[in-house]
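The following pair of complexes shares a single chain, subunit A, combined with subunit B in the former and subunit C in the latter.
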Partner chain A sequence: MSRQSMRANDPKKVSGELFTLTYGSLVAQLLQDYENVDDVNRQLERMGYNIGMRLIEDFLARANPGRCYDLRDTADKIQQAFKLYLGVSPSIGSWNPGGDEFSVVLDSNPLAEFVELPDHCLGLRYSNILAGVIRGACEMVQLEVMVWFIADQLKGDNVTEIRVKFIKRIEDAIPAGED
Partner chain B sequence: MSFLTANLSNHVNKPKIHLRVIELAQKCLFTLTSSKEQKQEEEETQEKMSSSKQRPSILDKSLSRGKSEVSLTAYALLFSEMVQYCQNRVKTVNELHNKLSELGQSVGVRMVELLFVRERNYKREIKLLNILLFVKGTLWKSLFGKEADKLDRATDDERIYYLIEKEPLVNRFISVPRDKSSINCAAFIAGIIEAVLTSTGFPAKVTALWHKGTTFMIKFDDNVLARDKQLEGR
Partner chain C sequence: MAEDALFDFIHMEVVAYVFQSSEKEKPTEDEAISKLEHMGFTTGYRLVERLTRESGRYKDELDIMKYICKDLWVTVYKKQIDNLRTNHQGVYVLHDNRFRFLSHMAAGKQYLQYAPRYLGFTCGLVRGCLANLGVTCVVTAEVTQLPACKFQIQVQRG
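Now for the complex of A and B:
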């Protein structure tokens, strides 16, 4: 028990386990409510999108990241945000020749601690909320991107890899709508 | 491997002198068969690997030490999405509380497993007061980084206890709409407490109330009190 009292009581941090288990209970609830993994994947992405739209404001205020001049800048910021919000440092890589597509590679995924995918949920993209967060956050800074998982440790891959593809620059700012 | 575990359970009833002999005999048996088994196992895993990727088991890695931290912003936004999702699927405040409590319960049962293995060395808790102190101390510290503010007992009903938390983490960024002022999203935490108490053998109903910040009202089943008195009498 003395171990816990050693934790520096940073008011801006919460226990990673509380976070992981809370997310787990949400996914379990969605699986119960929808009974179809594709719908669950979609719902998780949508929730992530909503989170991303609000998270970007916090990120701009806190990290003071400055302007991005190309997609490589953007990738760096995404990396920085993972560190800031989830406490993990992904690596950025696997750029395609055109330079408009890259991977965010996570060695460890804080969402997936304590998680094992049962056989009937193999189609579930457990951490799909992250894809939504990236998409939502980028959209708020006028970048339309496509985000999807290409590898997941829960499915036996060595790393968790999220692919991000630049689609276009959004010219007119659309007002934020929540669904 | 399975015959080993089956034999182990027989040990309990046998006199001690024989134990050592049986153990030795088993070891011999095991070494004889093990090389064969190993080969078989290896072949099996190879087959599995070739047909599909083997998914990792959570038992393959050691238990987390509970030191990881994430940003409060990330948690607050995730929780807000959860509340919105629940709210979209219910009609009344009561249903919302139940739904949040259910979500909390699935966190609670897992916290019990985790904490009793990691912090308490598998030691079971049998006294009512101690389990309440466990909730107030150990559980609260590992979830929220601090102890709960206060533990109180109702004066008129011995089944009821109050756990008081002035500003629960989950409520910090939630503003309650004026027309539904009774909504308290700490119902999620109430669900955690309820699951912890129930799965440690102290079935109770826990509700979150707006009183001195947030008060969690814990109402134990009658038989919990009866058993605790019996234990005291011993």
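Now for the complex of A and C:
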């Protein structure tokens, strides 16, 4: 029988799908709980932030990425983390002249693999959790950044583009309390 | 594997979210668990459809349960169920001696009361998987000693 053939399924891919599907259920639940899509966006960002704060330790332990000397190093590490956790390689680009702002560009977004946005959800930033994760992770290594989406394939753009802006280095910060 | 960490973290956040007190009122334990259960259900329902796409038809209910205990559990929880018992009348009890979501918690009695929060999603997930495989059931979970737990599946016939 072909039953055994399911073991041949790529386990890495299945793991990723499990995350994607769980995330989908979460977003659906949030849309039900909040009347306002802005609140959903905010909640997703906050959850991402909490995840990022924990994920950075896992990343440092697993990838042993070493110290960053400038923002370009940091951008490379972010790219590396996307590869490690989501299995996609975003490209880094669109640096501003001051060198403190860049874009993470995803040709395909694994979170949105099974998603179509209905018309009444156009304000929803479906993958906003990613913005939170980047912010939370950077904060734990003393970097305050601002992260936001400027293009999303779910809304008909060609690529998904996340903009990251460096705000300041956090000096002698006391770790933020758990939310 | 790296993605496994993500699933652990998102599950933590999902649990934290349903138990956080909103501006209006604090959700009761039951309301929160039922929300978790629902999220698990929708996840499981979709997941199993993708996982079993290539596999043949299961010959009976017990065969389906074996699939849940072996393949599904390995995919989602990285180990097999340690013990499956049934009374052959539609009740199945699945023992997991080291359940993934409880293995991060300190063993002992101190946090035992919080353990059900980390099982609600899985109860839903199992119910969702079974629903898509054509078995209507109720799934409940019980913990007596961390990090072990058992899931009871009661098949509804009719």
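One rule holds for everything that comes next: the second predicted complex is superposed on the first by the 164 of 179 C-alpha atoms of A that agree within 3 Å, B and C clash if a C-alpha of one lies under 4 Å from a C-alpha of the other, contacts with A are read in each partner's own complex, and residues count from 1 in each chain.
What we mean here is this: a contact is a pair of C-beta atoms (placed from the backbone, for glycine too) under 8 Å apart; a residue touches a chain by one contact, two chains touch by 3 or more.
Treat the numbers as computed from the prediction; the structure is a model and nothing was measured.
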Partner chain in contact with A:Met47 - subunit B first, subunit C second, else both or neither: both
Touching partner for A:Met146 - first (subunit B), second (subunit C), both, neither: neither
A:Cys68 touches, of subunit B and subunit C: first, second, both or neither? neither
Touched partner set for A:Leu55, first subunit B, second subunit C, both or neither: both
Larger contact residue set on subunit A - subunit B or subunit C: B
First (subunit B), second (subunit C), both or neither touched by A:Val159: neither
Shared subunit A surface residues [contacts with subunit B and with subunit C]: 1, 3, 5, 7, 9, 11-12, 14-19, 21-26, 28-29, 43, 47, 50-51, 54-55, 58, 84-87, 114
Subunit A residues touching subunit C - in the complex, by the definition given at the top: 1-3, 5-9, 11-12, 14-19, 21-26, 28-29, 43, 47, 50-51, 54-55, 58, 62, 84-87, 114, 179
Interface residues, subunit C side, partner subunit A - complex: 1-7, 9-14, 16-17, 35, 38-40, 42-43, 46-47, 50-56, 71, 75-76
Partner subunit B, residues of subunit A touching it in the complex: 1, 3-5, 7, 9-19, 21-26, 28-30, 33, 43, 47, 50-51, 54-55, 58, 84-87, 110, 113-117, 129, 153-157
Complex contacts: residues of subunit B adjacent to subunit A: 52-58, 64-75, 77-79, 81-82, 84-85, 89, 102-104, 106-107, 110-111, 114, 119, 137-138, 141-146, 169
